[in-house]
Amino acid sequence: MDFYDKDLVSIRDLTKDQIEYILDLSKKMVPYARGEKVKRALDGKILGNLFFEPSTRTKLSFESAAYRLGCDVIDVSEMSMTSIAKGETLADTIRMVDAYCDVIVLRHPFEGAARLAADVSENPVINAGDGAGSHPTQMLLDLFTMREAKDSLDGLNVTMVGDLKYGRTVHTLAQALTNFGVKLTLVAPESLQMPQDIVDRLKRNGCVPRKTSVLEDVIGDADVLYVTRIQRERFPDPAEYQKVAGTYRIDNAMLRNAKDDMIVMHPLPRVNEIATEVDSTPHARYFQQAFNGVPVRMAILCAILGGDI
Amino acid sequence: MDFYDKDLVSIRDLTKDQIEYILDLSKKMVPYARGEKVKRALDGKILGNLFFEPSTRTKLSFESAAYRLGCDVIDVSEMSMTSIAKGETLADTIRMVDAYCDVIVLRHPFEGAARLAADVSENPVINAGDGAGSHPTQMLLDLFTMREAKDSLDGLNVTMVGDLKYGRTVHTLAQALTNFGVKLTLVAPESLQMPQDIVDRLKRNGCVPRKTSVLEDVIGDADVLYVTRIQRERFPDPAEYQKVAGTYRIDNAMLRNAKDDMIVMHPLPRVNEIATEVDSTPHARYFQQAFNGVPVRMAILCAILGGDI
Amino acid sequence: MDFYDKDLVSIRDLTKDQIEYILDLSKKMVPYARGEKVKRALDGKILGNLFFEPSTRTKLSFESAAYRLGCDVIDVSEMSMTSIAKGETLADTIRMVDAYCDVIVLRHPFEGAARLAADVSENPVINAGDGAGSHPTQMLLDLFTMREAKDSLDGLNVTMVGDLKYGRTVHTLAQALTNFGVKLTLVAPESLQMPQDIVDRLKRNGCVPRKTSVLEDVIGDADVLYVTRIQRERFPDPAEYQKVAGTYRIDNAMLRNAKDDMIVMHPLPRVNEIATEVDSTPHARYFQQAFNGVPVRMAILCAILGGDI
């Protein structure tokens, strides 16, 4: 499974075998991610975090992943800002960062930026989200969280709820899940349902999602409930927002009809989408999911930089 | 002396024996803090600096202490800001940080925040100051500085001068000193004297402080002169501020009547409280005190994370 | 060649032998700077980056250089800002930083700041640019880039073009080059030519530069073309700026008459001074030059901190 010195730009770069290779490697990373075992597998390497827009959790979990492997980190985000101010092109900025590190983690507001960076850079580039484009490490940590909880992804019933229209995370994740023959249920008000072009692509990959706006009707079938935030600014009418947000709020009452081993995921931060009373139930898996960003990113760094665990 | 995997939230968590254990361990750390000896006792560990308000010296000396032991550092302060902006609770932020590191160093403007964080976090939490609450590592480095200069804390005459009303540092320090049978002298204008509830607590612990507003009357008795900044904004009348600030300014003339081995301490930064001419006298101990933040915080990290020096 | 525990404040501190020692050591550092070889020669050491004004590339390349040698880095720039705000003197700030690290890298807007810092600090201070003063590490990486390309500096024809009046980089570099018997050509509009006092100093050191405003007349003689940015704000009349900037723009047409092995250097970031079509020619050496900041700064750190490669 050759990731060595390769870019990770889009989930479409990844075959099912490659995804499973990363998930297997992630599992091996867990004790190192917890600090229970120590091995400086990437000693002397340097990761360059180049974030053209804030995404603190992603940045920090890459930092943590690097440190757990003995890899140093430089934060070149500040340079990105001063360079833009001075009129430097993205290509020139990438070439500069390239001189100071061994792998570039790029976050950029514009789709396609990661591909451009990968073309220009001599070192491998990891896409940490580029606008409406891909965010492959987020997708991999979500898959890893499901697989850890359920042993296998094959045939799971994954129910996504919330803003399915604007949320890049659920678009990427839904497409990746088609590799594993999952049953997909999409719960959203009509105005926030999954875009038709994404649904068409899912169908082409053999997955015909069930759509509904009523969570109570389908929650009993879910193995995984993937909750996303509904942003107030999507609604011209505040009262309409309140109604929708309230409808999809996950609390213990809502979970009464769920399977005992159904897990609740959320990319965090949450605001009111999940009541804190859910935290202490066996359903809650969102903090675990946040932690999983570390072993998954360790696996990716190790595979790309050639570390040996 | 079991600090392993424990929180350090309040000085009230610490017995006299525990304080002396940390001070002894701090002494062992000095050559490592200076970079004269190297041992990666915390190799593979990660410290998370979570500062909800700026306190650059404290943050930097924790960073330096961690690096001297081979421990990496992530600065999650930025996350704290974006999380608050997105409406995340402190508890959720702590749980997130918890996923990325092995120990959390928390600075927060509100008293009680460190206790809450310690309750929520699986990893140990070190309080780096929470509002009017405790700041135990500052207290320990102050004690260490006195003990290094005087061999023992027992029976020392400690004279505190300046703003004793609003300065959390002197409140915490005075209470800690009651463990060691010190003679305490409190020098301040009436309006900035030590609050009565703190004085009452000192008395309950067997220490009856002497109060005065005239430094010249008492400086000759001091073994330690602990100087704090008087903030201009405490005075409605600027002329009144000038008068008070001038009265307590430490210069060579003021030190004429001091014992030869009396030491002058200050938490820094100073503005005009201590004349620079004092720097080259044997009394000056404030830069040493700043340095002592490193070995003391090394000792605390090592004790809590189980490093072996 | 004793650099151990010494400050590096000005290029005048450096003899020709010392410059060559650093350039030789830099060459040994290249495989470590690329991450191809790993040796923690400065394990346990801490570098303090104290930048009173932004200079992200310099800061980052010091960071990268430190990490490649196993040296940790604390960024104390934030402290510099809060300290100033609180009225702390530069001397006090330096003494504080001194307590947290083993070497201070200082960037400051005022000439002479590095000398002051070096006088106050117990640890060595490296000047990373102080106003109109010196920037010795930039000069050394420029020399290293020329020597790597040309095997020797002796007798090279170095042609500097652009803003030679305000650009500190070219002033320092020109002076350093007089050690090596170079032929210097200065290409600039009359209003942006090299200041007379610098030219006088060059002459005293045996180098009589040729001056011209027409690049085409002299480009055929150059072994090295050192391009600098002309800043729009130097010109009261925008049309005048456009004309000058256009005159000195380096593109493939301009390079037609250049020697085959002539190299083009630029301290970056570039805006329009060099056309991107030049990037893929064998002349382009500016990205290499940026990378060279790492091995050169590694050599300096290693020499000053006593690391063994």
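As written, the chain order gives the labels A, B and C, with residue 1 at the start of each chain.
Note that a residue touches a chain if its C-beta (ideal position, glycine included) is under 8 Å from a C-beta of that chain, and two chains touch if they have at least 3 such contacts.
Here the structure is a predicted model, which is why all the values come from computation and not from measurement.
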Query: Which chains contact both subunit A and subunit B?
result: C
Superposing rotation of subunit A relative to subunit C, computed on C-alpha atoms, to nearest 5°: 120
Field: Same vs different contact residues, subunit B with subunit C, by half of numbers used
entry: different
Statement: Distance in whole angstrom between the CA centres of subunit B and subunit C is 41
Task: Could you check subunit C for residues that touch two or more other chains and list them?
output: none
Task: Write out the stretch or stretches of subunit C touching subunit B in their complex.
output: 43-46, 72, 74, 76, 78-79, 82-83, 86-89, 91-93, 95-96, 98-102
- line: Contacts from subunit C onto subunit A in the complex sit at residues 32, 35, 38-40, 54, 56-57, 60-61, 63-64, 67-68, 70, 268-271, 276, 287, 290-291, 293-294
